[in-house]
Amino acid sequence: MFLTQLVINSVVTGSIYVLIAIGLTIVYRVLKFANFSHAELITFGAYMAYIVNVSLGMDLFYGALAAFLLTGALGIATDRLVFKKLRKNGSNVISMMIASIGIGLVLRQSIQEKWGPNQVWYDIETRTFEIFGGSITEMQVYIILISIALILILHFMFTRTKLGKAMRGVSDNPQLAMASGIDTEKILLWVWFIGGGLAGIGGVFRGADTRLVPLLGWEIILSAFAVVILGGIGSFYGAIIAAYILGFAENFGVSILSDLSISTGYRPAIAFMILIIVLIVRPSGIMGKKEAA
Amino acid sequence: MILEVNDIEKSFGGIKALDGVSVSIENNTISGLIGPNGSGKTTLLNTVSGFLAPDKGTVYFGGKDITSLPPFQVSRLGMTRTFQITRLFRGMTVLESMLLASKTQDDGLFPVFFNRKKLMETERRDVQKAVEILDFLEIEHMKHEYAVALSGGQQKLLSLGMALMADPRMVLLDEPVAGVNPTLANKIFEKVMLEKEKRTFLVVEHNIDILMNFCDIIYVMNKGRIVASGTPDEVQRNETVIDVYLGG
Amino acid sequence: MLSVENVVSGYGETTVVNDVSINVAPGEIVVIIGPNGCGKSTLLKTIFGLVRPGSGKIAFNGEDITGAKPFELVRKGMGFVPQTENVFASLSVMENLEMGGYTIRAPDLEEIFRMFPVLEEKKKERASSLSGGERQMLAMARALMTRPKLLLLDEPSAGLAPKMVEVVMEKIKELREGDSSVLIIEQNAKSALSIADRGYIMVMGKKVFEGKTHEILDHKEIGRLYLGKRGG
Amino acid sequence: MLLDYVLDMLVYIGIFAILAISLNLEFGYTRLMNFGKVAFFATGAYTSALLSMTGASFIEGMAAGMLISALLGLLVALPTLRLRADYLAIVTIAFGEILRLFFLNEVWFTNGPMGIRGIPQPLYSVFDNDYMLFYVLLVYTTLIICYLFAERIVNSPFGRVLKAIRDDEEAVQAFGKNTCMFKIKIFIIGSSMASVSGSLFAHYLAFISPDMFYPTVTFSVWTMMVIGGSANNLGVIAGAVLVQVFERGTRFLKDFVVLPIEPSNLRVILIGLLLILFLLYRPDGIIKEEKNRGLL
């Protein structure tokens, strides 16, 4: 494959991962547990957009908007119905992690019940542009641009708005946030809403770039964890860099695999290998602080 | 000298928790370590017992260099510690906890299946020893209770018991009577006194009053250094000690 | 302003604060001193709603606040500076102050920067890069953003060099001029007493002495009391 | 017909009970977050299947599976057991997925997505008509051995150290125990035991393919352990019974009543709900961990 095409594909992959990973990392940072049900939030978002786009026949843009809002609401719902109760019971992060698996199972199979196990597609036009000898679809251009726009909006939110700063404050030091008059439970709702919403949009991107299946989220959740850990858990900017690094690693990796005549079916394994190497070599990630003993 | 700490330093993110601490402790003595919050007492204990590696300096135990050995190896050489906040095993009973602490336990996998007889024998011996210690500490009647079901004072007794169970040459006690009522606190120290002929104790404690009655030597720490040391009488008369506490 | 009546408090089944009553009048600096583990820190956390009292009553400005949540107390005009982890380490100095002023519309930064000029110089730096003394300043400044009527300080001198302790104590004195009451708990008794109006001594979870600061300083037994003799 | 259903369910219960016990040794007693249980189950299944296709006996296949799983267990354990619980969970899931990709992609070796068909069944010619009955016996003999083995371990000084590690690893080190070695040993044992149940699985179905080894298998074993009562070997067996009754029961039901919901979906949803409900309302599971009164 041509270099240009590889670069384009890498940027697209990175753009899909980046929002998902940011969503995952802000929940991880504040709630301190690995939320495996994030996978199904991704899938849920993709199918919500499917309703709007295919069932209602509206533009996918509105689908993405609906995905953001509804998946954000679902994130809040999982917290209210399960995680908040576990927090109140004094359950540890291990219980929360296991519970998130349970939530994931319920969501995924409910989606499969509703839309069936087979792949479906959005109703979108696929115009293709040629640049520097590579090709890129109109949809992929949107994916890249919207990701960048959302990253900028999030950056603005985290650094300029009261809410964004309060979210950082709560994740940095919840006790002190409370002592500053911040209603931390209310901030948590926002964390779930934004984390879930970003997962939803990520799901729409993935669905638009490939297809929709009930396993859509599960297929990329480990890559998302790889991004989060590579970037340093809870690091916004780390996650951004790591998402694009992983995008490049996967696409170039696949090209190397096929050069070595190894099955490209190992594509998902590239993220896993990176994940394992990072955890062993530098568990704090590229932007993370070293953990206190 | 059973323990020799030479000029150790330890910093956390630019703050010197230990700033050149040297301590020498003789066999079969009880030494006290006092000082205000944040003076570095627990850091010293952690460094000696292998839970933290010092940035500089050496620690010798029984003539052997133990600087930077991992905790389990330090423990195997005969130095056992307790923790400030009693850290008990939630899912285990008092007796089980005692057995865990024993050094003679056959805790490999091989005896589980192939040398059952010997395992049961050691187990019997260990249980007997555990019961004796629990009896000595007057909590034998609680042996089948979960360790976490004990009262605060009893938990402190249990953690002393677990330390004794390991039959160490030296015991580091981190606040053995914090939160314990005075009568029980005195009792705990009386138990320690009775063990003195068998081993050496280093006790970190806030309650200076009680140390005065039981210690041979008291070290006073402030801001990561030893600022005074001597017999309880000497320390008690030492003006700098009161100053350290009142923040001169 | 603040009245604490017969408060019993602790963690789980352990009672750490045993039947303690104290009060703070408007414009007063009151200090609670006592050796490690005497329960003074738990008492402060109980007042600020971080620990639920087992029994007793806490009132602030005549209003019963027993069991109120910290963020509610902040809105009622209380400020709290914890002993450790008292700044948002990953946030900038400016953002720390904004967190402090979270509950109010237009925080008055000028006043804060007048009091703590060093914070203005370093307002863009991360709190984690500040020195120990600067952090303590920031911690106080954060709590002062809401112009609290009562400021609770948990060992403000802990871990500071003697010179820095002096500076911090000076700043606390300035607060009274701004009409705030201050309740400090301190291990560093001498320096705290030098700025306070009144003081309490706690030993083993109980209040064992109260009086004007000079009475405490002149108290013959204070040194001994402090070194662990039980009360009375 | 009905008997076949019952025997089939019994076999599944037995196979998964072994998996649940192996997970219980790792997580229930030692707090090792192994989210990659299915990897060792699959290793057992594939090793057994591939070897028996070349003429090896059932016992040889199972033994080889245990050995390979033990080695893989060691390989995973060495670098990762020092990691935080959540990292270990993510790494072990990843390991399971890599292994599944291996079985899927190395067609020359595993026949890829088509799977391996016609795996010889041990002593088939001897029992012929009563084969199901024989297999139930075989599975339950193995289960009893695994149960006794696990009970022996947890009720020994070795097991005592495991429980202590679960409760407070650092404090255990203060008593001279090299906690890392204990964790590695139990991880290897758990991996081998999972492999045994994988072998039984492969020879029972006489057919295996990579899509039988999705992470869902791991999570269903986790559900068995959580609802049964972690750190109680009888409890996790009860959990295996309950989950399998749900799983197989929905398959069975579908032949008799028209369900408003696809049975394969229903059972996963039920498993997820059970998991959540137990965590919320009965975190100790059906049977709580027993108080240990010692060996004597």
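All chains are identified by letter, namely A, B, C and D, in their written order; residue positions are counted from 1 within each chain.
Basically, a contact is a pair of C-beta atoms (placed from the backbone, for glycine too) under 8 Å apart; a residue touches a chain by one contact, two chains touch by 3 or more.
A quick note: this is a predicted structure, and the numbers were derived from the prediction, not measured.
> Give the label of the chain whose average Cα location is farthest from that of chain D.
Of all chains, C has its centre farthest from that of chain D.
> Can you check which chain pair, A-D or A-C, has more C-beta pairs in contact?
Answer by contact count: A-D.
> Report the inter-centroid distance (CA atoms only) between chain B and chain C in whole Å.
33
> Counting only Cα atoms for the centres, state how far chain A is from chain C in Å.
So the centre of chain A lies 43 Å away from the centre of chain C.
> Using Cα averages as centroids, what's the distance between chain A and chain B in whole Å?
Whole-Å distance between the two chain centres: 48.
> For this structure, give each pair of chains that are touching.
A-C, A-D, B-C, B-D
> For a test of understanding, state which residues of chain C touch chain B in their complex under the given definition.
Listed in rising order, the residues are 13-14, 16, 35-37, 132, 155, 157-159, 165, 186-192, 222-223, 226-230.
> Could you please specify the touching residues of chain A with respect to chain C in the complex?
162, 165-166, 168-169, 172-173, 175-184
> Name, in rising order, each residue of chain C that touches chain A in their complex.
48, 50, 69-71, 74-75, 80, 82, 85-91, 95, 98-100, 102-103, 142-143, 146
> Taking the complex as given, what residues does chain D use to touch chain B?
Contacts found on chain D: 152-153, 156-158, 160-161, 163-164, 166-168, 170-179, 185, 189, 231, 289, 291-296.
> Note which residues of chain B are touching chain C in the complex, please.
Within the complex, chain B touches chain C at residues 15, 36-38, 151-152, 175, 178-179, 182, 206-210, 241-242, 245-248.
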